[in-house]
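The two complexes that follow have subunit A in common; it is paired with subunit B in the first and with subunit C in the second.
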Partner chain A sequence: MTNLSPFDIQARPNRLLAQALSCVLFVVCIGLYMHTSVARHRENAEDRVVPSGHQLVAGIRSAVLEPAEEDDYIPADNASTWERLRHSMIWKDTASSGGRFFISLALLIPFVVLAVHIGLFPWFGAGFLRFFLFFDKIVALSLLPILFIAFGIDQWSKIALIVIGVAPTMILDVTQMVKAVPQEQIVKAFTLDANNFDVAYRVVFRQVLPQVINSLRLNLKPMMLFLFAGEMIAASDGLAYRIAIMRRHMGMDVILPYVLWVALLLFLIDFSLRMINRRLHPWFQA
Partner chain B sequence: MVSGLSTPEMTAGLPVFGEQAARAVSKTQVQAAKSISVEDVSVSYALGRAARRSVLENISLEIEEGEFVVLLGETGCGKSTLLRMLLGQERPTAGQISVAGSRVERVDARSGYVPQRYSLFPDRTVLDNLMMGPLTSKFHILGRLRPSYWEARRAVKAEAFRQLAHMGLQASDAGKYPYQLSGGMQQRVAIAQALMMKNRVLLMDEAFSALDPSTRSSLQRLLRSVWSETRPTVVFVTHNTAEALFLGTRLIVLARESKDDAFGSRVTLDMKLAEGGMTLRSHGQQFLDLVEHIEAVSCGQRLTAPGERRTALHACGEESGGVGPVRVSPEDGVRQ
Partner chain C sequence: MQSKRLGIFSLVCSLALLVGFSDAATASAQVPTFTVGWSVYAGWNPYFYMQKSGILKKWADKYGIAIKVQRFDYAASLDSFVAKNIDACAMTNMEALDMPAAAGVDSTAIIVGDYSNGNDAVLVRNNLTFQTLPSKPVMLVQKTVSEYLLERGMVLNGQQAQLGKLHLINTSDSDIVAAFLNNKSNEAVVTWKPLVSQIVADKSVHSIFDSSKIPGEIMDLMVVRSEVLNTPNGQKFAKALTGAWYETIQQVAAGQPNALKYSAAASGDSVESYKEQLKTTALFATPKSAVDFADGAEVQQKMDLVRQFCFKHGLLGQGIHSVDDVAIAYPNGTVQGNKTRVRLRFNSAFMQAAAQGKL
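Coming up: the complex of A and B.
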């Protein structure tokens, strides 16, 4: 068999090579970072902009095992690792941001249901579709001052920001998915004595659910973006709040682990949703 | 546009003691056995501001219980539109349609339906696809909490396996998803799914068009045998003449109006019948003898009177010059 150039569309790397290639950019990034860090520390041993490996480990340790500065809690000398972890800065911030994130996620469910109705029932479509088409064009962040006035600066303003930012896009997306369900399926369901409820939830919703989950996966980052925007502007805890606070102290040894932690969390949520989709909807993978 | 009047011979099979008496007797008998009735139906679509495109005009049709009617015609002649109206998916601009004695207003469980594509629910296994109809019919969402649900489910499951075997599928196929089945197997399941509802009317829209010739042929034989056993009223849409002749007891040829040819539908009929290497003379007659009615509708004229079937078909064959020996290829199918 002839060796094809790597730039040939028909050329395929073997499994091992493909895995090695997928690691290359990670290694390059880490290498570049280490190089920059070493170079800067050679000039200034106290440099905090590009922390060294030691500084990063210390930063992670303080984030994971020590309470936040604003907290009154002081761990006892003999406190267990679990006890320290439970009162740590990263745990507190993750719990706060996670709570807002998952409440927003739950609040999106009724909008998904509404979208199914908009796509399926012409009367709902007539009533709602144009409104959401327009609403989708409103820049959610421009509503933030109004949300702060309406909901205060507590968590509900951030939750509202996420929902307002993501819901219209999801509604339009799910509406399109529902409209794409072949008409034959709907007609067939009616000929099998299904009523409107059956058609909506036992035929159409079941068929679009894997796509809804995929849409949710694509919206994870926008959701986190809106959450971060809200937390950075006004919050007393949360992952983005901590990053904003640390920026004032040039605390890159904490900011970088936080950034990677948020990325890891999103990756894990995305991975879980992908696994759920694969397990629950084997037919969709085909 | 297809227009005209197409009615089966009301007096078919009845001794005629005078025209009026025959009409009176036949009318009551046909009323009793009438499965589908299409009365003066027209369909047109708006094209822009004032223009309208007429698809069907003043179509009248009576289909008796147990008939196997094939709607034959070229693409765009309105046969699928007519089927959608029988289903209740589309409403006529004028006229009315009745199925099983009541007017069709919306899609409901009066008729079984087998489309060309997307005939199965992709998110359900074969068994779930088969069981969906009867269970949905008996138990809506809260009804599933009743203890009788499980008993009924067992019975439906047994029936589903029986239908599966009847369609020539294995019990091991029950747990498969539609994507794991070939096109032919999917259509077998789709027919079984419709039969599970015990409908007396089965509407099939180009149900075998996407299949390869040998699968198509075996499914035609299967459908024919299923129909022979239970005798539901079948309305089958196709553009394949060989299939139409093989399956139907009554053929209705729809043709588009042609400006160039005042007898457009005659020509269409002629072409259609010549299609598939099938001519209408000599051996071909054995197929046609099994077709009880053949009607062509176009341009406001009924081209074949019910009694003229054979004459018209002979004429078509001769006009087309297709008088060679009949070639019946495997894909044409052979009626058992």
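Coming up: the complex of A and C.
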């Protein structure tokens, strides 16, 4: 019975069974949720803690089609769905959170370049490595009051929080990757008349880039966490801002769709990074 | 890799749901043990002393029940109350309406403890006024009494038309002092004591409006779930709690050193700072004063302002299409809103009994 041998490393469930197995926990989750929701609604028809399907649909509709409460925009009666979507709460929040997210992502690039230098050039290593080893252990969230002084309470303090939270880890990670490049290759490149920057960017950087992208993929979740923390502490728009506001009156009917939406966005970013990696570096076996 | 991560995620989810289940199961078991939740606030800190001093135990024993007192963060205490993990909870009139009542948890306010008489304030730099406020960012915890206070300030200063132009920045109360003081470009903030006291310690900041200008609109209540109250044991619970409260609060009002010391310690304040907070808290030290207030006609006008605010800001929920759908019942039998949808009740019977010495 190879079909029913969960503790056999060499057993392969057939395709259908594998698909079914991967769905089981989802179904269990949804089932438990529905059970809880039905039970709670039987007791209290207006329960908001575990919204029913009906409430969720209403919540999604208002998030996707209605403008945010603080906006002045009132959709015309004959506004098209697209028009409504473009002025909707979730669109506005996604745009502002997304802006912060991608700015911080872009700001990480110079740090990756710096990390290549730290790993490769002894002078850089001497200057930066210890500092980042130390800085990596700092819990960025506890620095918030200082960040507020330095960057104000607008956009930049949140971006700074993300960068300060994620950059040291990325730097240390990339430094390790660079150091793992065999010394022989570097020597060989020099014998072939490469200059220092050829070695850094055309030999080493090219080689570690797929690993860097993978490291970035793992750091997407911390980035989102820092973004959420920042937006929950002080903001006037953004995905986490809305969740914080909705929590004030138990608007789980909007919070749950938001949480799933964020999960989907993260999954898509992760997926596209993986695709880019596969396309750019077919030689790299992750 | 991906599917494994998802697997773990769903496992965590189902565990979380399971925990939710077992909680619901224990809460429905009927044992005469009741839990009261409270959070740090000048008017509620005496609950800490009430428990420490044994006053609560004395009253619980008298009625043959057990009462546990648990300190929470404010938001968490409301969540627990709505989730029915605790039986009674200290909250403001606004939260009583937009959290439990609007979520369909029928709730009864049995004690009107005090109202904010200056504890909440609108603070500004650079001599801003309500006329010049709309163009500036205002830091506050949105959708709380802070936003209510700000709107009332605008209305009472003739700036109702400008309400839509306010630029609000939702700021967590744990960081609002640091975030405001550390950056001179932040010009306006709305918050409550003791945070207000910390902010006005900076001489460049002054108050332009506070809750003493809207007396009685921000009330601090002890709210019990009606389904608990309507059981025989629940009645005993309400009586014991009310009796213990008035014994406690009379000691606090009389300035009994231990009562003040422990109430101040509840929020980590010094006795001086706590006394200062009490000055701007209109405590109903005697049950009679509380009954007079709760039975008066004014409460209904004030609650009407609050419920209109909640409805306008969507705090009553997506599914509520009329302010009357979350109705409020008063001690004299009047109902504000749809009579078939009463969700919040003011019940002065227990305070009345305390006033007559019948507890």
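Following the convention adopted for this analysis, the second predicted complex is superposed on the first by the 281 of 286 C-alpha atoms of A that agree within 3 Å, B and C clash if a C-alpha of one lies under 4 Å from a C-alpha of the other, contacts with A are read in each partner's own complex, and residues count from 1 in each chain.
Please note the rule applied: contacts are C-beta pairs under 8 Å (C-beta built on N, C-alpha and C of every residue); 3 or more make two chains touch, one makes a residue touch a chain.
Predicted model, so just to flag it, every value in this text is computed and none were measured.
**Student:** Judging by the criteria at the top, classify the pair subunit B and subunit C on subunit A as clash or fit.
**Tutor:** Subunit B/subunit C on subunit A - fit side by side.
**Student:** Just subunit B (first), just subunit C (second), both, or neither: which does A:Val187 touch?
**Tutor:** first
**Student:** First (subunit B), second (subunit C), both or neither: which does A:Met232 touch?
**Tutor:** second
**Student:** Return first, second, both or neither, reflecting whether A:Gln207 touches subunit B, subunit C, both chains, or no partner chain.
**Tutor:** First partner only.
**Student:** Can A:Gly251 be said to touch subunit B (first), subunit C (second), both, or neither?
**Tutor:** Second partner only, subunit C.
**Student:** Using the superposition on chain A described above, determine whether A:His281 touches subunit B (first), subunit C (second), both, or neither.
**Tutor:** Touch status of A:His281: first partner only.
**Student:** Which one hits more subunit A residues, subunit B or subunit C?
**Tutor:** Subunit A has more residues touched by C than by the other partner.
**Student:** Can A:Gln10 be said to touch subunit B (first), subunit C (second), both, or neither?
**Tutor:** After superposition on chain A, A:Gln10 lies in contact with neither partner.
**Student:** In the overlaid three-chain picture, which partner chain does A:Asn78 touch, first (subunit B) or second (subunit C), both, or neither?
**Tutor:** Neither: A:Asn78 stays clear of subunit B and subunit C.
**Student:** Quick one: angle from subunit B through subunit A to subunit C, Cα centres, nearest 10°?
**Tutor:** Result: 150 degrees, to the nearest ten.
**Student:** How many Å separate the nearest C-alpha atoms of subunit B and subunit C in the overlaid structures?
**Tutor:** Superposed on chain A, the two chains' closest C-alpha atoms are separated by 23 Å.
**Student:** Which subunit A residues contact subunit B in one complex and subunit C in the other?
**Tutor:** none
**Student:** Subunit A touches which residues of subunit B in the complex?
**Tutor:** It comes out as residues 87, 89, 106-109, 111-113, 115, 117-119, 121-123, 132-133, 136-137, 140-141, 177-180, 193-194, 197, 199.
**Student:** Using the touch definition from the top, list the residues of subunit C that touch subunit A in their complex.
**Tutor:** Subunit C reaches subunit A through residues 3, 6-7, 10-11, 13-14, 17-18, 20-21, 24, 75, 79, 82-83, 98-99, 102-105, 137, 139, 142-144, 164, 167-172, 174-175, 178-179, 182-183, 185-186, 313-319.
**Student:** Hey, which residues of subunit A end up touching subunit C in the complex?
**Tutor:** 22, 25-26, 28-29, 32-33, 36, 39-40, 44-50, 55, 58-59, 62, 69-70, 72, 144-145, 148-149, 152-153, 232-236, 241, 244-245, 247-251, 253-254
**Student:** Quick check on the complex: what are the subunit A residues that touch subunit B?
**Tutor:** 182-185, 187-195, 197-198, 202-203, 206-207, 281-284, 286
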